Amino acid sequence: MDIGSIVGAVLGWLLVFIAIAMGGGSGFFNAPSILITVGGAIAATLIHYPLPQVMAVVKVARKALFVKEQDYMTLYDQLTDYAVRARRDGLLALEGDIEQLTDPFMKKGFQMAVDGNTMEVLRSVLEDDLAAMQERHIVGQGIFKALGNYAPAFGMIGTLVGLVAMLQNMSDPKSLGSGMAVALLTTMYGAMVANLVALPTAGKLEQRTMEEVALKTMVIEGIVAIQEGHSPRIVEEKLRAFIPPSIRQKTIKD
Amino acid sequence: MDIGSIVGAVLGWLLVFIAIAMGGGSGFFNAPSILITVGGAIAATLIHYPLPQVMAVVKVARKALFVKEQDYMTLYDQLTDYAVRARRDGLLALEGDIEQLTDPFMKKGFQMAVDGNTMEVLRSVLEDDLAAMQERHIVGQGIFKALGNYAPAFGMIGTLVGLVAMLQNMSDPKSLGSGMAVALLTTMYGAMVANLVALPTAGKLEQRTMEEVALKTMVIEGIVAIQEGHSPRIVEEKLRAFIPPSIRQKTIKD
Amino acid sequence: MDIGSIVGAVLGWLLVFIAIAMGGGSGFFNAPSILITVGGAIAATLIHYPLPQVMAVVKVARKALFVKEQDYMTLYDQLTDYAVRARRDGLLALEGDIEQLTDPFMKKGFQMAVDGNTMEVLRSVLEDDLAAMQERHIVGQGIFKALGNYAPAFGMIGTLVGLVAMLQNMSDPKSLGSGMAVALLTTMYGAMVANLVALPTAGKLEQRTMEEVALKTMVIEGIVAIQEGHSPRIVEEKLRAFIPPSIRQKTIKD
Amino acid sequence: MDIGSIVGAVLGWLLVFIAIAMGGGSGFFNAPSILITVGGAIAATLIHYPLPQVMAVVKVARKALFVKEQDYMTLYDQLTDYAVRARRDGLLALEGDIEQLTDPFMKKGFQMAVDGNTMEVLRSVLEDDLAAMQERHIVGQGIFKALGNYAPAFGMIGTLVGLVAMLQNMSDPKSLGSGMAVALLTTMYGAMVANLVALPTAGKLEQRTMEEVALKTMVIEGIVAIQEGHSPRIVEEKLRAFIPPSIRQKTIKD
Amino acid sequence: MDIGSIVGAVLGWLLVFIAIAMGGGSGFFNAPSILITVGGAIAATLIHYPLPQVMAVVKVARKALFVKEQDYMTLYDQLTDYAVRARRDGLLALEGDIEQLTDPFMKKGFQMAVDGNTMEVLRSVLEDDLAAMQERHIVGQGIFKALGNYAPAFGMIGTLVGLVAMLQNMSDPKSLGSGMAVALLTTMYGAMVANLVALPTAGKLEQRTMEEVALKTMVIEGIVAIQEGHSPRIVEEKLRAFIPPSIRQKTIKD
């Protein structure tokens, strides 16, 4: 479960509600204004992206926020352990362990190595897998970025609709203030949807993708190095480069 | 027929019309304002892009919205079936099927393979085809993006024209409000054209291009792998990487 | 002569003038405002780009608007015709035709091929030529893009000068409106220069460059394929990929 | 200790405080406004980036500002000295010096060279290290850039909250001015956080990363050239290219 | 001496001063406003870039404006002359001329060629040199671009400080206009610093870098082609591609 995202979301909305409460509190909630801003942004995103991908985005976001963080060190220990045993007893000695693996990507890679595929075939199949995954993730980020761009635009459209309506009915100058206040609400909602929901979620998805790419690249390089029969020392050096130094220094004693 | 685009377009315009109706309803339609915003954006796009390409853009957009979505799984089944038969009976055994193919890209590729062209020639001709297609599609997206940039600009020009006219004839302060309301309409139209029509359509075209590139790349890799005589298992692995996991998991049982 | 650019320019300016005429007509022309906006944008562009290149830009723009459009099909027919004859009679049989060629790029390429240069030398010299041409064209586009960025900036500077002057002399509140109207004119001019002249022209130059690159790449690939002695069928396949499908379908019967 | 950053920070804040003092002084500090701007920007950044990385960013920034600047010339002298000795006495003669090295990157590289690893393995391990470092640094810059983008956005949200509150309670027109003043404060804070803290720090981190990459690339090229047994003259030529010319001219006499 | 930059700078400032003079003239100069805008932008740039590089930027800008323009044709004549003589008398015949060369880059390249270094070593050393030069120039451009981004930001901060001060002291409504006029001055200064100084200078530096890269690439390709013993005709063809066609057509008769 991603604590940072929860802390950030709670903190952000709390601050906005405190600011609203200090500003008098009432009159900041306006259902039609929310409808035009949020609904308009979703409508534009539906035209922009294929329907199945927009519908899949909730699942993608949930995964970004609730899936437990991957662990560089466990992966490092596992791969270097395999390297030592493969060097000592041969690749086939790993066959039993490989069948227990839960990560399908790693399982597939080691199975191909044990099956005797050449390093070129192995690397090409795994890198194709990784590239295809990246391409699909980019769509998920793109949907949130699109929401983050369309929300302020529809906020502005809503404000313009409100301003035009207000300016055309200026018979009662006293209502001017409240009319303008309502008009500005959509701009405010647009900025909030963009900066508290859509853009940060797009960013988190991007970070997750990068992390997953780093971990999967570590797996590819590890399998290839093991298959090529490099010494465990070289495998360790190669893998260690993928671990962020903060994690590395805490756990590896050189 | 692309349901998402239709749902999005209907929803978006409906929301804007509801907002307008709630704002009083009348006075939001102004023919000259529409003319300057939409006409100006089209005029700038005509200078920007060659005439034949601007005129072809309607056909391109219709294709993006109404052509039925391609199907990864059918293509996957077809290519893996060919791989099995080519491995068993030789490439020439596919000759009959190839003549029945409706997709010109795939037909051309398999014909070249059957004709005995080397893998290098085959890949180079098909990749040139694909690259040329991409380059042409990018022009279509570019035209909608240009419309999406010029529309708000001409909306602003229209608003400035209106403001200057209003400020120069301030004899009657009562008309100030309605003058400003009319002036703001072009900005509103510009934002609507950009965010409900031009930019989302450009986005959908981009998605379609990416999907088509993914499918055609899958075809190229499949033909090359079949021609090289890889085992059906390797061909399957290679092709599966191009299928989005959501589709894959629903239909392939590992 | 590029009809699209002319239609676009005439239409765009017409619409703006109609909008102005409807807004009262008088008072929209202000010589000093034009001077600060257009002059300032040109001044900044002169600092930004080398003088000879800024002075050459008028010629570049005229070429983009008035040079007749290149013809994919003529080039395709010519190259495939050469391919057939070179295959039948040898490359030297083309020597007479090559001397008649008017396009210096194609002439140079075929002369090098006939002179017996290797494919590597030939491709490297022609691709260097093409890359150098592209680099020079990018400067032309850059100048119009710079104009399109500086014009709104100087429009804003002019408006700020006008606003400050107006606010400092508020003795007569009646002149407030007309003072502000004049101040806003420079912003309007800036947006018009950018969106009706500079940015669309930069875009048209970019399209022309892309078209020229596509045609010249087609020439390079054609000459190399002919020199390598590929069969006319392969040469045709390679060249056809460079032709936009709309043109292709109208004229080639598969 | 980076003098430029300190001079810049002191100068920037001083200027802003002088401007505030000249503007009357009081009323520019508003705790809730600071909370919504700074707190909101941090909240959005927490959703955007993983928690450990956001928490590590303070350490990263301190390192960028307080770590002493690296020295091209010392590194150059050291590497060329090693090149001379390795050429004369063989690589193993360096073993004693290598154990004294404090820079872990350089130590690892020379140890691998002395251990007889091939040039390919050596270069690949060190370049992986360097690429992984770059990828991690980019996250640090990204966090400050995100802060620099979210701070003005939350400044605008705060201003909109203030404006809406003010417009809804216009009973006392006298309070209008001060209400609007408070509303504008958040926009001002947002611009200050972005342009005096977040964006310049992101920039400094980027510069530091580039410098570190240049120095580490110099180390890689130096080790590889020494291991390959190039003449000291060639090693010198290769290394000199990495030194900025201002430093180079002061110290090297050609 | 770069005439274009001088003409542009004089013209730009003249136009702004004329506009100011027409606006009444007095009250447009405000020392504290200049201080916050220019000083703030410099302060942020000092945090952003290392101190030595910010201090070197004046020298860099002077070089961009006052160093005489390089000459493609002289370089072309010199290199083709060398090509003819090297083909006839051997590379060593050039030794005397090489010692007279004033351009250190060209001298170094020819000396390495004469010393019998292989083409790979030669190209790699010179291209490293060129890449390192480019990287350093990019910092110079970056500093002016940073100034061009921070100046409008501090202009806006200054305006917000002025507006808040004005709104808090609205006791005298008559001073409202002049207060707002002073507040807007910083925005105006920021736009002027950015669009008349910083951004165009960054652009000119970029153009100069591109020109220098083109000339140095021409030198590299020339030396390599001469060393490889290509015929003078091929060397000429290769070099000619680097000359802009406007210069080429004036001076070379094909």
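Letters A, B, C, D and E mark the chains as written, and numbering starts fresh at 1 in each.
Everything below uses one rule, namely that contacts are C-beta pairs under 8 Å (C-beta built on N, C-alpha and C of every residue); 3 or more make two chains touch, one makes a residue touch a chain.
Only a predicted model underlies this, so the values are computations on that prediction, with no experimental measurement involved.
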Notebook entry, point to check: Among all the other chains, which ones are in touch with both subunit B and subunit E?
Noted result: C
Note to self: Can you check whether subunit C and subunit E touch via the same residue numbers (shared by over half) or via different ones?
What the structure shows: different
Notebook entry, point to check: Roughly how big is the turn, in degrees to the nearest 5, that lines up subunit A with subunit E by CA atoms?
Noted result: 145
Next item on the list: Indicate the whole-number Å distance between the mean C-alpha point of subunit C and the mean C-alpha point of subunit D.
Entry: 40
Check: What whole-number Å value describes the gap between the mean CA coordinates of subunit D and subunit E?
Finding: 24
Note to self: Quick check on subunit B: which residues sit in contact with 2+ other chains?
What the structure shows: none
Notebook entry, point to check: What pattern do the touching chains form: line, ring, star, complete or other?
Noted result: ring
Notebook entry, point to check: Under a traversal of the ring that begins at subunit C and continues to subunit E, how are the chains ordered?
Noted result: C, E, D, A, B
Item checked: Contact footprint of subunit C on subunit E as seen in their complex -> 2-5, 7-9, 11-12, 15-16, 18-20, 22-24, 26-28, 69, 177-178, 180-181, 184-185, 187-188, 191-192, 194-196, 199-201, 203-204, 207, 210-211, 214, 221, 234, 237-238, 241-246, 254
Next item on the list: Note which residues of subunit C are touching subunit E in the complex, please.
Entry: 32, 35-36, 39-40, 42-54, 56, 104, 108, 112, 117, 121, 124-125, 128-129, 131-133, 135-136, 139, 146, 150, 153-154, 156-158, 160-165, 167-170
